[in-house]
Every structure is written in structure tokens, then in C-alpha cells.
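In what comes next, subunit A is part of two complexes: it sits with subunit B in the first one and with subunit C in the second one.
On to the complex of A and B.
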């Protein structure tokens, strides 16, 4: 039994029963109040991508309601419910600002854009195209991100295009690509309804993805003996429904995952036919190993050794593996930043895929490895759209000559326009700003001066003498806009039209419901203006986002992402569509690589799945040894620091802290401590404590919590006044270039 | 409160109170009209687990508690819009339960709380 006591368990079970009953939605479509106009849209927050309707009156957003015909079945979390308040927040930026000395002062659009364009042009002319860069966001609309990508890569001719998905899901991308040859989950949310076992790794689903958590709970209640295993150093709200919670020392889950695979082999839970037909084995970067090599590799990962390394119990590792591998039952894994934000994040992703592959628990309803996403359009806009420094749209790579040639043809630019060398990934980009190699940076729809690890270092870089930083933002001040040279007011959410693509390959149209506030403009319009001023207007000729979308469909045609059939009109009437969707009559694809579902798998394929992403049509089981974090605890810094979310707030808080209901609810970051750690320094809940890492020091109030792990401090990431990222480490995974936000060493003292 | 919901509450009050947790049902003191100031690091549970234990326990064990649909959704913020006795209206319940709210609007009972006991908000099928 998990650390949950019997009383908690009964309470949670009763709650879960009631939740299911509550989830019995009435069949009739809701009739709308007559005085509101309802416009179909998608939630602005996390990557779940909940469908909703925006209710407007007299040109103002006054209400939202969930879309019962979308995957969320009409349900919203409390953040989504409070979305109307962000639109008219007091800190909405309503006019451009330019820096005059130490102050940002109001300016006209003409003055601000002319200044930005001049500084970018000067930097390019004096120092070459790689002296400028674009830092985008998983919150921008697909059309916006595409416009920026095209302008910088094909117009300015630099691959210095990256974005905050590098901070949240780059390891998941590299995990999927290395294992299957193609990015993005192959399963869908509906798999939750068929799963017999859930393996939730490094995810506090209850608070970070509440609507997916609700669906998991529903499945637990309605399915037969559904098991939920949670791997997380902290006992979070997610563990309320767990049958087994494995707590472990941060950074040791690679050993646990290998040990689970070891148990699968030891107990005969491997699907040998599937292994023989569909799998290759590899180590390092080469898939040149054998099943025998893998078994030999696993031999050293006994549950006992993993337990010794991780602090988890060996019998719990065995139980988790037995449940996962049980014959005739389905298994779904879900993970978020606990796995991705690591210097060995790609390896950790590979090891989760290994469990599905050796058991053949993939490609059937309820069996799938599912990376859950944190931002509403990280997948659709940045990942799929190829707006990272090493990628081009829809699975193409900068370093691939054929891919560059394809894009040059599609973009109607001369051969050789696209630079063959990948640009700067996020941390490298901000380091280049720091050392003066990057002269001008355009930041769109994100807040890196709060969200980057080792934040103080890069805050200084953003204000380096000679650096020019333009920020487009809906709010001001943010911790980034306060450092900018030009701040441009961006239209927000329901004030513009465009597509979001959520975690399950579902593309959805957000329709424009109201006019932009003040002088705000959609980012697409701003980028087209910038393009014209830099002499690249012909590359960005669009008058509407719908015109961009038609170009995008052409760019994706014939790729593994093909969504040719998602016309704008179809998106307007549909409640989300899953790619591949190659023709107008095609229903979309719930499960990739599956015969009969994925249009890219031939109808006469010999088996139920075909891993067409790799030339050998096989998925790779990677031999990834246990490796600890970059900065282990030691005598000087004896406690682990980890960071994460609370349900009330989102990212850097620029939106949720504008909701009056949330401003006084969990809005201040506190240091959550285990009772023994708190007692050791003589503090109680509410006392100020100074948390210090090798990079910085921040004072928080202490909160002693039941679910804390001894030796571990947790701080949430949403507070601009007490920034956890002053403490976090900027070491990155060598493959994905994603930083290890989740683990570093700190000391805590009474303040 | 609408006339119909007032009538419905009078009719249903004994049933609702019988279903409510004892501490809540026994409480005679009217809820405060304004909420005291709270510090940013607090969440509702910080105080209400101890201050209103029955209400908190009923919510925590409920479907809304498990889904973390927290107090603010019905009670508003701790500022001027604080609602000590919230009305279950389309603007709140309707965001997730639009169809149910609409079906209730066609009946004499216009307040969701007439059938769904506050805090536990136990579920009933809407026919």
C-alpha cells in the first residue's frame, strides 16, 4: 500500500465515485443566455487544450463555458473558468513603449517599430544575420510562430530561432525522435478511457493538468481493477488516487525505470513476438545492439540495486513492473517536467518508451507512452512548426540538405538561402546575448527573465550595454518587459484568430471574439510589419491568419504531419482535429503507426503497427545507464531543490495573478519542507527561510507539508517577486539542450 | 436569491441540512459578509481546514475537492466580491455544467444548491 493511509484512500475513492457521477453530462446542447454572444475557442493555459466558448457582451469578454463536444467534455479547471478577468487586467499594455534612459515611455507604433527595425538592420549589416535572434513561445498562435520562423530563417537568414518549448519539452521531442524516428505522441487522450494501468512519472497531473486528471479518475472508477502508479519524489495531490506512490531521491528514476524493465524480463512479461518483429536496440546514438546486449545491460539493474540507488523500496519497483506488464491488460504512461527538465531527460524518456516496447503495450487503445504538454501551442506551433534552432517545419531538419531544399522551394527563395548550421538553442542564445555575440533579440509572448534557470545571470545579459531587446507582450511590467528596449502591446487570446495544437496532435481554431484592447495588435500583424521594414515583405504577404494557414497546409503536405484536410472552414465547425489528416474527407488519426488508423501505414501492412519513422521501420530500445543529476547535494548544499506548479497559477503568473480570486490564493511562492528538515533549522510554517544555491539566494516563507520528502525543498515557479529560477541550475541535456530545472542542491537557513 | 429558489430552499431545507455534515448543520452563526485579508502564500485550506472543518472536509472528499475546484469558484475572491453565501448561477456552475444549469432554469428550482448540498455538492442525474 502506498503512503496514503486507509482513511485518505476511502475518502479519495468516495470522491472519485462522486466525480464520475458528476461527469454524467446531460445530452442536450446548452442553450445560451440570450444577452451573450458565444465564440468557440480554446483555453489559454496549459497544453491539455480544453475547448471552450467565450461569452461576450458589448465587445467585452464576460464569461466562458466548456465545450461539451470537445475532448474535455465541457469541463474547465479553475484557471480556465476565470479567463475573462485577464482580458481587462489593469496591467494590460495598451500602447507601445520605448526605453529612454532608465525609463520605458509611451511611444507611437511608428516610433517603436522604426526603432526596432533600425536596430535589427544595423546589427545584421554590421555583424551578419547570426547577430540577431528570435525567442518565441508555446503560447503563440501557429500562424504567428510560423511567420517569425520564416522571417528569420528565410528572410534574415539566421537559424537563431528558438522558444520556451526548449525549456519544457525538448527532451520529450528528442525521446520520441530517437526511439521512433518521429516526434509527437502516437496516442491520444481517449487512450485514458481504455487504460488498465497508469504510470505517472514526474507529473503532478492533478494540479498541472486537472482536466486530464479528472479523466484518469473517471477511468479508475469505471474500469476493472485500474491501477495508478505515481513516480514522484513528492507526494502530491495526484497521489490521492494512486495505488502505489514511489518516492525516490531526485535524479534516480533512470535506475528505477531500468529495474522495472529488468523485472519485465525476469517475470516473463515481455511480448517476444513484438520484440522480434518491431524493435531494434541501441546505445549512444547507434541502433547497433541486440536483445542479448539489452538483457545483459539490464542484469545490473535489479530492483534491489535500484532501491539502493534511489531510496525507493525494491518491492514497490517489482509491483509497479508487474502491474505495468500484466498480460492482457493495457498500460499508459504519462509524464511532464519531472522527466524532461533534466540533464538526462532524453534518456529518461527513452526508458519509459522501453517499457512499452518490450511489452508491446503500444498502439492499442489504452496502451501508449504519452508526454503531456505544459503550454497550449508548444506542440502545434513550435514543435510541429519547426521553430527551434535546429528544425524546419513539419519534421524537417536544418542540417538536412534535402529538407532545406524542400523548404527553399516551398518558400520560393533561392537555393542556398537557408543556412545549413543549426542556430542557438535557448540557453546558448542567452549566453550569446551575455557575451555580446548576439546583438538584438526579439522576444514574443513569453517571459524568459523569470522563466530561465539561473535567472539573474540572464537578466543581466538582457540589459547588457549594446544589446537590443524587443518584447511583444500583452502585459507590462513583466520581469522581461521591464528589461526591454522596446515593448509592443500584443493582442491577447480572444482578441485574435489562430490555431493551437495541444498535446494529443489536436489542432483547434481560436476564433476572434473581441477587438484588441487599446492599441494592441496581433503578433502576426507585428511580425509582418517588421518583415516589411527589414525588406522581407514578400515572404510575409498575408492579409489574414487564414491565408497563413493555407500556406501551412501546403508546407505540411506529404510529411508525417500532413493536415491538408484541415481547411479553415473545417476547423471552424470541428471541435478539434487530430493529424495526420491528409484529405478533406479524412476523420483524423487517433493513433499513429497503427494499421487501419494511421493513413501513413499501408492497408496491407503485415502487422498491427508499423514504426515508419525510421528507415528500418523499427522502434529502438535504448540502453541508457543510470546517471545522477548535474549538481548532487553535498555537505555545503545538503538539500535538493525541485520546482513545479500549483493549480491556481500558471507559468510566470502574468495572467493568473490578474485574477482577483487567485491573487490571494497560493500566489506567493513558499518553501515546502519536510517536518524534520524544518525542525533541524528551527522553523515552522510561516517563518522566513533563506534558500541558497550556488547561483543565488531567495527568502521564502516556510511551509511544512505532509507530502514532502525528507531532504527535499519544493518551491512553485509562478511568483515574480520570489523567483525560484534565481536558484535553479542552467546545465542542459547534451542532446535536447533542455535545462535541469527540476534538480539542484541548496541550503536552507532561518532568515 | 430568486423567489422560486427561496421557496425551494424553504421546502428542501430540512433535507439539505440532514445531508450536511453535523458541524455545518449545527452552525447557527451567520457567515461573515466580508472576508478578512489573507497573505499571498496562503491557500483556502490554510485556514479553512481548521476554521470550517466540516465544510472543508465535505468539499475535500467531494468530486469538486478531488478535481481541485477550489473555494474561489463559488465564493469569489477575498476582496469586495467575496460571497459568503454564493448563488449557484450560470456564471459559476454553468462554466462546466452549462447543460445542467439550463435544465434547472426550466424548473421551479432555480438554485443548484437546492439539490446539491453545498461543499459536498453530491451529484444527481438531471433528467
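On to the complex of A and C.
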């Protein structure tokens, strides 16, 4: 057989993907587009935030089409295209359930809510407000997350409010805050169209964010000598289009990033004027170092030393730095979980920012550091909305007395209502559930019993004697709802109205297109009901999500997030709006910190950028040394394990596994192995292998792939029957409290 | 450099075979399959992504039986 060339490979891949999309059976298609009612909305899946229209007929969602006027230019990925199927999935939860012995049985809303409220009230009365907690989601609507945050922090008076964005982007948040003083990317998707160099670090954009990847590919083809550099231990579909792929030993990219900075200085690629005007330097938590300190620090990170530490080639590190730093060329970095899900995730984020700062490649079209987001409303709802255990809405902090006072005034509660001590971050919250300090937990729109690292440990905690767990969820059973004491049917996506904020600070309205299925209710209604039953109804007085939105605009007014001008009516007609947007006539802000674009930068500011997030108006270059992962490989556990997405599935699979076309594709998680590692244990593709870590053991089918790195096992994350998180480690970054999902040590044997 | 895309077309019911037949004459288009009703799977090759976008827009504009164009895969062969 003649070898397949790259074009043949691509054609085969393209045909396979299209045929998978075709499915074995046709989707019920609309008889005629004129028969449908089209409602403007946003995709339910990743943080790209693709605009779309929901096509309904006879009260059912039957079709979607991309919004050609939105940033995605009408394109949707396969998951988005198949969204109608999730709405009527056979495992949609249509009625409340309460636990009777070992079983969850159907109950009335009154019975279920009364039970949940009673157990929460008892826990609070007997053990204090910190005996309860709320675990939310980057998939909840902004209004819903805000209601929960307000109820728990201002009503119940506990800061035990956290959410699954802690698992995916907390390190990006801490990276932005430590470097610029404010969270969230300063750039936008349009920067992709102007970038000359892409530095993609720890992101398989091709599969995890296909519509953004399409835009990157388009730019590569239309721009002049556009370069793509990928830093990833694996050779992914993304790295196949790269001009330079640096594969390295997991957890050693800090050395590579420092070495790139070292090359920038050594080769005169630093913007000295920008450095002098706009940068401070720091180590630890203090910005008290100098440029000379930084240069001395970088002297340790020669490309050769970084190569020795990482296994990458020194000449590739030099090339990557030269391309990134080339004068007169723009550079855009993008990253996701490979950088964030690490015990040194914040440091890794800082080091990417450093490259932009020392070259001055920031704040111009095509030059920006951009953390890409995994969930549709992690940014808008949880990050911006301040629904983490240490935050308050719109950049405010629990530990800041002035911020608490502002929120107490805005929420019309007595001074001193808000507790000054940050609450429990996600892993601490589930550990508190395990050791009995947390008595009752409300889980909304997420599936932690599958998605937490070291999952079996926390599955036991969720069923601990005396613990009470309420779950609101659109599907049942999930690996979490099966453990709950009360499961409440939540309205799903097009069944309710609210706002999503995607990765580029773009807020968009999802209009309600159909009535909720069965007895399902929007989470906002459920939370307001809970609040009334706990005696806090006055804090949650709203009749509609639009009323919540008006309150949110007032809460954000005057902050760095100001979106006062985003009225509900404007959101209904616009195809997404980017904050800051402080007045109704304002068009929104493509690039923050930039004079002439960001309304918070004075028109008479002396320079093109003003990093107003910090008191000294400077961004910080941090001296962050190389430090390896928490659990290195050893003689007993000699292989690295990493986990991640495939294009067909999303998160714990509760939605994508309900699409029959997607069930045919990669629905069963496999363990991808390097050919030599597979040969060493005598397995071939399709053979069962047992992957064992210090925390658990799971059997997968082996898949021997040419993109694997020797010594590295990659496992898909979506399969509830083969949960990769039984294996992953629950060690966290000490600053962001984000777990190191991406790296641990395992052994693999033929099963 | 050539861009290769996997594409799913959604058509009005029953129009899939007709649409497929019309597209078979398009340069760079290879039919990968269809459900015989309202879906057509294609592989498109073009000089660059912009050409693919333009073709998608043109198809939607000129063929009323095509309801949607959904890329399922985009890659390039890196050969110049």
C-alpha cells in the first residue's frame, strides 16, 4: 500500500468528520425554513460563544443556524449544529426527585423544595452559615449565578460559593490579576485576523475550540508568512498545522517560556521604551524587583538548559522566541487547560504575559495574550460576577473592606453582613464535605462527581452519612445526580432567558425559545424559591431575568467591568457586546487598556496603553522559576498521564452523549499510547489496558497513535463509564486553588 | 498551500440528492456521502480558507434548497 501523503490524510479526516456529522440516521429537519420561528441565542457549549438562531416549530427546538452577523460569521461546530437533540433527550429530568433509602423517587416540587430548605436551615441553625455551600457552574446564566451568589453571601452570610471555573480558569484569572491588576483578556477574537505569530500553549484549539481554530487557519492562509508555534507534549490536530511544534516533558514549559524571554533579551528583541514606561518587576507576591534582577534571573534559563530540563530542542526554543519577538510583527498567544490546570498554573500564565510585555506586543491589533475559555459563561457569570469564594461582583474582593461595604450598600444589607474571610474554594469545599464541616451543599448545572480530580474520594464525600446534597440538573442520571438527596429538574438552554459572557468579554442574550420540558424550572426561579423559604426573599425580589440584569448593570457601574450601556433591549438586537460599555451610545471595547478604545483610559493619556488595573498603572513582569509537577514519574509509576477533549464531546458528556451522531464517534474514552510504550506491555490498538495511579485504576481500550509522546498516556475526559478523574491528582495551585488535572504519574498494564 | 474542509450541508427535506448532484460539478468538491434526504457530506479543497468561506456564502446565497453549511473539519497541507 502506498503511503498516505498529508493531503490525503486531511481529505480522509475531513470526509470522516463530515460522515460522522451525517450520522446513521437523518435528524428531523425542518420542512421549510419559513415554517420555523427563529430565536437569537448562543451556543450552549464552549467559551467561544458562537451566535446562533434556534429554530422552533410547534413548541419544539428542531434546528439551529449560525448567526452570520456575530463573531463566528455563521459558522458552528458539529456539537453546536446538533444542539436540538439534547433538548428532548431521553434522560431529560422532568420531575423532582428525592432520596428514599437507596433510591431517588419522583416527588412534587413542594416536597423537594421543602426538604432542601429544611436541611439547609437546620445546618445553618445548628452549625452556622459556613456549614453550607453553593457549587455553581460556568454554564449557568449570569442572572442565575448572581442570584446564588447574593443569596449565599448576603443572605445566608457564607462565602462558601464557588464553581467549576475554579477547575478550568482560576489560574488564568490569577495570572491576569497578578500581572495587570484586573481579570479578563484585554484583547478580542478580531486580533486573530491581525496576528502574524500565534503562540498556542497547552491548547488543542482544533478540537476544543474549532470555530476559533478555523479563524486561525484562515489568518494563516491570508496573512503574510504567518507562523504558528505550538507548545504541547502531544502532537495534536492543532500542532499538525503548526510551523513549529515544541513537544516537551509535561510540566517543564515554565523553563521553555523563561528561555524564550532570555532569547528575546539576548537578541535585542525587547521594546526597551515600553519596558521603561509600562512595566514593574516582581517575585513572590511583591512587585519590588528591577529589570536588572529580571535579566539576572533569566540568565539561568539559556535555551540549552531549558532544553535539558524539558526535552525540547534548544534551537526550536530560539526559533520560537525569534518569531514571537520579530520587530514589526504582531504576536498573539492563546492557551487553555494545559497551562491552567497545574500546581504552577498561575506562574505559567505570568510567563506568557511576560513575553508580550517585554516585547511591547500588547494592545495593538494582533498582539495580545488571550486565555481561551472552556465554558460558555465561566467569564460572564462566575469570573465577572464574582461568584468564587474569594470574590464579589465585578472585580471586588471578599477580603477588601471597601469592596464589602460597596456591595452591602448595593445589596441594601446592614454593614458587616458580608463575611470578611474568603470561603472554601472548590477542592477545599469538597474536602470539608468529606470531613463533615460542610453539612449541606447546593450544586447547580455541573457534574463534580465526574469532573473533580481524584473523583472517587469526593464521590464518597457526596454520600457521607449526614451530608445533604441538592442538585439542579437538566439530565438524570448523571454521575452527580445519582448521589444526591434531592434532584431538581432544571430548564435547559433554549427553555429560559439570560446572558452568557464568553472569552472575549462579549455579553450576549439567550432568548427563551420554548417552554421548559416537563416540570423543569429555570434555575433563577429555583434559587428565588429557596431564598424565600430560607427567609431571604427580599434579597431576590425579581420577577424576570431582565430585572436581575438591570440590578447587575447597577452593580457593575463605575467598575472596570462597567456595562451600564448594555440594556436588555440592546442585547436583544445586538450580536454580542464587549465591555467596558459604560453608556448606551458606547459601541463596546475591543481592546482594554488602549487609548482611543477603552473608555477607562483618558483621551489625554500620554501613551498608547495605560495599565490602570494597578495603582502604579504598570503591568508586572514576574520572576517565576521552573518548577515541575506535583507528582513526577518514578519507578513505580513510570508514565505521565494527561487528559483532555476530543472534538465530538464536551465535558462530562451529559449533553454530547445524547446526540446519536456523536455517540458514534469517540464516545468511549480510550488511552492513547506511544507505539514503544504499547509494545513494551504487548498491547495493540483495541486491547484493554489498565491505567493505575496512586488514587485509582481504570480500564480503557488502548489506541496506539503516532502523535503520542513516548512516556505519555492521554485519556479522553468525557466518558462517565471510564472516568479519567479517578486517576487524576487533586493537588492545587497554592494561589489559584486550581487542581493539576493535566499531569500525574501512572502505570499501564495489559488488562 | 491547500485547505481541506469536511462540510455538512443541510438542505430542505428531499433535496439532498439534488443539491449533491449540483455540487458534484464544483471544482474542489468531493462528495463523501448523504442520507438521501436532507444532509450531504462533502470534502472541499480550496486555495485558502477565504475561498472556502466565499464558496459557502455563495452556495447559501444562490441555492435556496441549502439551509446551512457546517464545517466539521478544517486543515491545510502546509505545502506551498
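Criterion: the second predicted complex is superposed on the first by the 719 of 751 C-alpha atoms of A that agree within 3 Å, B and C clash if a C-alpha of one lies under 4 Å from a C-alpha of the other, contacts with A are read in each partner's own complex, and residues count from 1 in each chain.
Rule of thumb we're sticking to: contacts are C-beta pairs under 8 Å (C-beta built on N, C-alpha and C of every residue); 3 or more make two chains touch, one makes a residue touch a chain.
Owing to the predicted nature of the structure, the values given are computational and were not obtained by experimental measurement.
Legend: residue contacts after superposition of the two complexes on their common chain; A:294 is shown touching neither subunit B nor subunit C. In the superposition on chain A, A:666 contacts subunit B only, with no contact to subunit C. Contacts of A:221 after superposition on the shared chain: subunit C is touched, whereas subunit B is not. In the overlay built on the shared chain, the residue A:650 is in contact with neither subunit B nor subunit C.
Contact with subunit B, but none with subunit C, is seen for A:701 once the two complexes are overlaid on the shared chain.
Looking at the shared chain after the overlay, A:741 reaches neither subunit B nor subunit C. Shared-chain residue A:135: touches no atom of subunit B or subunit C. Common to the subunit B and subunit C contact sets on subunit A are residues 11, 14-16, 18-23, 25-27, 29-31, 33, 63, 65-66, 74-78, 81, 206, 210, 213-214, 217, 237, 240-241.
By the touch rule above, subunit B contacts subunit A in their complex via residues 38-44, 60-70, 72-73, 76-79, 81, 90-91, 94-103, 120-123, 125-126. Residues of subunit A that touch subunit B in their complex: 11-12, 14-16, 18-31, 33, 63-66, 68, 74-78, 80-82, 206-207, 210, 213-214, 217, 237, 240-241, 646-648, 660-670, 701, 703. Partner subunit A is touched in their complex by these residues of subunit C: 1-8, 10-13, 30, 32-35, 37-45, 47-50, 53, 67-79.
Considering their complex, residues 5-7, 10-11, 13-23, 25-27, 29-33, 63, 65-66, 73-78, 81, 206, 210, 213-214, 217-218, 220-222, 237, 240-241 of subunit A touch subunit C.
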